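What follows is a pair of complexes built around chain A, which joins chain B in one and chain C in the other.
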Partner chain A sequence: MSGISFEMLLNADPEVWRRAAAAWDQLGRSTDDRADAVALSVRKIPDVWESGPAATRARDHCDGLRRELDTAFPPVLAIAQTLAQHANDVSELRARAQDLVAQARRAHVTVNPDGSMTVDPAHSDEWTARSVSQLVWQRDALLREAAELDARAAQAIAENTATASGTPMSRVDRSRVPAPGTDPAAVKRWWDSLTPAQRRYVVAEYPELIGALDGVPVASRDVANRIMLDREQDRLTARREELDAREAYIRSMIEQGRGAELYPGEPNKLGAALAELDRIKEEREQINRTLRGLDAISSRLEDPHKPRAYLIGLSTEGDGRAIVSVGNPDTADNVLTYVPGTGAELSKVGGDIARADHMATDARMADPSAETASIMWLGYDAPDSVVWNAPFDGSAKDGAPKLDRFQDGLRVTHEGEPSRNVVLGHSYGSTVIGHAAQQGNGINADALIFVGSPGVDTNSASDLKGVPTSEVWATRAEHDIIKRVPDWDILHGNDPTRKDFGGRVFSSDPGDPNNEAKTHSAYWDDGNRARRNIALIVTGQTDKVD
Partner chain B sequence: MAGEGWRRTLLVAIVTGLALTGCQEERGMQPTMTAEQAAQRVEELLQEAYGQLPPGARLEAFGPAGTLPCDDPTDGGPAGRVFYEKRYEVTFPAGWPADQALPRLAEYWGRRGYRVVDDMRDARDPRLVVEHPEDGFRINIAVWNRDSGDVDIYLTGGSPCVWEHGTPDPQ
Partner chain C sequence: MGQPVRVNVPGLRSLGGEIVGHGAELTRNVRSVEGQLVPGGAASGWATADAARRASDGWETYLTGLAGRIEAAGQSLIDAANNYQGSDERAGQRHGRVRAR
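Let's turn to the complex of A and B:
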């Protein structure tokens, strides 16, 4: 056994690792900023130093510097992630060690700082003896786990330190990366076949492929997507600057009376100028919306006061997509996937991440002995409005296979005992889940929760496959506007809280009869009974749900 | 697909109804206190509740405090409002009268005219949610009786819907 004593475990301070993780995150950001600055300098070299061997040498040198800085970014992120995960693990182990001491006290046994145990002479009987042997077994299991965690963290840090300081990675051809949509189990087999050096290579070189690939462990997807996030923020910011410059140029040409020079060969020159200005305005607004979402994700990822968040998916196409997990689902005991409904889009993602954060805290309150990861899954293009688009929208058909594959991926990358996986859909999000649970062999989940649902594409819980019917849950507030969608089986199926649907209904606050629209999203309000019930279902305490 | 036509006609009727219901939200455009002021008020109410507990207990922040969206913008209401929420765990030494915490607060809140929003005092893990009579701020005490025999107590406070900066956000 390694040198971790019971005393060390009891006195371990996870904050030290948390602070170190934040510092490595900071280092990653500044390294990346430097790389960006060097890249900019390289582009400017020809302006000041036209040509010749010296200019070439300077450019090559700067290019090399930039590559080195770029290469350091992923391992630095991985080290930050390892430290943050270690902080969580230590914090959990310490809580269990403290619990053991309390448990022993109730059994009249004192656990000494060195882990040895003393029985209260007044209670020295057969029962106490049995307790002691049980306690000793638990103590040893804890110490074994602590030693394993310590070794694993140390190894991850050592591997990445070597990479950050220049050890070459092993090249893997791009064509060897499984195509999007590959069965997550096959992806996992491929991943397992790579050496650690090859894994680091694919994460650093093909982050756009690895970040989105279900079946790759979450920790690696997170690093890949953080690289993508950073790239997208840089790309969009640069594009916005370009648009600003082009707009200023067009305006100044028009002001100087030289507008005609802008569009040689175009008969309607003013029309062309106005049309381009319109296009610029539109594109800039779209960029601003996307950046608002990316910034919200960044600030959550960088927040050292909250549990570590993992970026499991990111795309800026269309309304954008994002998958953010509070806590690591690959190591958690319970995993909640929250599918937001109509109106959800990248630009407003901050609010949905906050819901995931609060559901994680609620779960921890309901069961502090278990680790719960809470995922905000905006992996589909949600309809913009429950009123205008949702009824005719194909979003559920588009989103269902993605959600299905995502849940399969969570299973194959999970370490140790399988987690309790719960998928929750709000509003139209529940329709996506219903759709996913009716395709092929259904959805890979231990429980489904439908909140304020307009229907889940079937009138019977027993049509939902991959999940026990006894774990299909639904709630609808008495004054939720969604009740205005009638049960005529014309939209997405009937209300899943109906008796004949056959699911299990749990209560939520009735809401405001004078504000049904507000009630539709009040399920996460402070003190709402729905939140308590959701936490109980997520942590598997279903007998307490009411 | 056959039947799509009549479905659409019917839906337009339903949808018009839904859209009209959405108009109720117009009053949401009024200025409110800011999220920061809401946070201060939540803290005040939590500390006030803490003051009513038997001495010897401490408050420890539990989970991140922060704002949550309190509307789905596309449901007809204005976008961008939030509510602030904060939770504390009440930690206490062995022998502290944990069973008195909830009755004491119930009594105190009753005396101060707080409105009971959700009363689960009879549950195995009892909880009481109340609302301040004047400003609509909510506070709740939740007591969890763990299988291990331990008792954990939490105090949570939340604000009504406010604009982050006090006035409608032009997003």
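Let's turn to the complex of A and C:
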């Protein structure tokens, strides 16, 4: 048997692991900051040392040092992730060891700190003997599982430990990385074929590809996407500084009466200046919006007071996309995917991440013995307007295959026993799910939840493939403004809370009759009974849903 | 004759100092987490704790070495700036002696 004793399980303290994880996170962040700083210095070398072989050698040497710093980040972060996950595992193992002790006590058996068992002489009978046999089996299974988890975590750390020359990487050609949209099972097979050194290489060199690939384990996608998050924040901040400098220059030239020099050959120089200032203002506003979203994601990832979050997807194109998970879905017992609705975009992602946090907390309260990951999935271009876009299904049609592939990806990267996977859509998000569940083989999930739905583009739960109708759930607050959307097929079909839809309805607070728009977003307010019901569905306690 | 090398001596010296500073900052970053990377107390006996200890040793050694190399790279730029300045001054002095004749 391994070195893990029953006493170690009883005395396990998840906090010591969490503190160590936080220190590794800090080391990773500061190393990454140094990489950014050295990169900035390297870019300045040609400004002060223009040419010649010595200048080129100096620049190449400094850039090589910058690359070493860059490539230190992924393995250091991988160690932080491993220790954070180990904290969760240790916490669960301790709880189960304590449960075993309590269970034994009820059977008149004392489980000693070293794991040995003593029967109360006053209850020494056949029944107690059978209980002891069962308890011994449970104890041994628990110790075996602890040893396996411990060995795996130790292995993951060893694979990311630096030697005197850093962490070795093995080159993988870019063409070997599966194309976006590749079947997640095929991606997982490719990932499994790589050595640890090759995985480090593809994460460090191709983060924009690896971060978006369904089928790559979540922990590695998180590392890749954090690299992209940092790059995007730096790029946009630098661009904003360029715009500010250009604007200041234009204004200064105009104030000096030298505006004509700005646009030689332009007949209407003032018009050209005003047009450029307008373009600058518009671009800067867009940058500020995007940075607001990116900064909200950074803050959540770095928050040491909340459960660890994983960045599973990121894009700043258009209105932006982001996929943030509270908890690691690859190791969780329950996985909730939350699809937000109309108006959702990267700049407003903070509010949607907060909802994912609430649902993770609620699930933990509903079932403390299980680990639940709660994913905020803004992996599609949500409609901007309730009036102009939301009545149409273009966004849903476009988002549905992406959601389907994401759910398939969760299944192939999950470790151990399959998790209970629940997909929840709010408002237009429910319409996206409706489309995802009607195409191909349907959606790869155990349950669906529609909250404040305008319709899911079908009038029957039985049309939603992949999920039994007994696990198609819906709620709508009495004063939710969404009730005013007609049940027309030309829009999104019937309200899924209708009896003839064939799903199951759960209750939520009625909301404010004087503010129906606010009620539409109030399902996650403190105390709303919708939250309890959602948590019960997510944790598989559907018999308690009201 | 080859292209003349254009060097902003004060700028190069300053940039060298900046890079030395990055190395020193990295050393401070590593020191600031010293002793915290290995879970203590109740973690004793777990293989994961042993692995974390080896990882801590490995990374602290590697990053401290890297910090030293970054400082050395910065110092090289400073030395290059000083060399260029020295060459320029010597050339100026030689030119002055010729003209004096």
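One rule holds for everything that comes next: the second predicted complex is superposed on the first by the 535 of 546 C-alpha atoms of A that agree within 3 Å, B and C clash if a C-alpha of one lies under 4 Å from a C-alpha of the other, contacts with A are read in each partner's own complex, and residues count from 1 in each chain.
By definition in this document, contacts are C-beta pairs under 8 Å (C-beta built on N, C-alpha and C of every residue); 3 or more make two chains touch, one makes a residue touch a chain.
Quick caveat, the model's predicted, so the values are computed rather than measured.
J.: Give one of first, second, both or neither to describe whether A:A55 is in contact with chain B, with chain C, with both, or with none.
T.: Second partner only.
J.: Please work out whether A:G343 is in contact with chain B alone, chain C alone, both, or neither, and reply first, second, both or neither.
T.: A:G343: touches chain B, not chain C.
J.: Once chain A of both complexes is superposed, is A:R484 in touch with chain B (first), chain C (second), both, or neither?
T.: In the superposition, A:R484 contacts chain B only.
J.: Who does A:D357 touch here: chain B (first), chain C (second), both, or neither?
T.: The first partner, chain B, only.
J.: Using the touch definition from the top, say if A:D525 reaches chain B (first), chain C (second), both or neither.
T.: It touches chain B, and chain C stays clear.
J.: Per the contact definition in the header, classify A:L274: touching chain B only (first), chain C only (second), both, or neither.
T.: neither
J.: Output check: A:N515 vs chain B and chain C. Expected answer is one of first, second, both, neither. What do you get?
T.: The first partner, chain B, only.
J.: After the superposition on A, what does A:A151 contact: first (chain B), second (chain C), both or neither?
T.: In the superposed model, A:A151 contacts chain C only, not chain B.
J.: Help me check something: in the complex, which residues belonging to chain B touch chain A?
T.: Result: residues 7-8, 10-11, 14-15, 17-19, 21-22, 24-25, 62-64, 66-77, 79, 82-83, 85, 87, 117-118, 120, 123-125, 127, 129, 138-140, 142, 144, 148-150, 152, 154, 156-159, 161, 171 of chain B touch chain A.
J.: Could you please specify the touching residues of chain A with respect to chain B in the complex?
T.: Residue positions touching the partner: 99, 102-103, 106, 292, 303, 305-307, 341-343, 348, 351-352, 354-355, 357-358, 360-361, 364-366, 368, 384-388, 391-392, 427, 481, 484-486, 488, 490-491, 509, 514-518, 520-522, 524-527, 529, 532, 544, 546.
J.: Within the complex, which stretch of chain C touches chain A?
T.: The touching residues are 3, 5-8, 11-12, 14-15, 18-19, 22, 25-26, 29-30, 32-33, 36-43, 45-48, 50-52, 54-55, 58-59, 61-63, 65-66, 69-70, 73, 76-77, 80.
J.: Enumerate the contact residues on chain A facing chain C in the complex.
T.: 2-5, 8, 11-13, 16-17, 19-20, 23-24, 26-27, 30-31, 34, 37-38, 41, 44-45, 47-52, 54-55, 58, 61-62, 65, 68-69, 72, 76, 79, 82-83, 86, 150-151, 153-155, 157-158, 160-166
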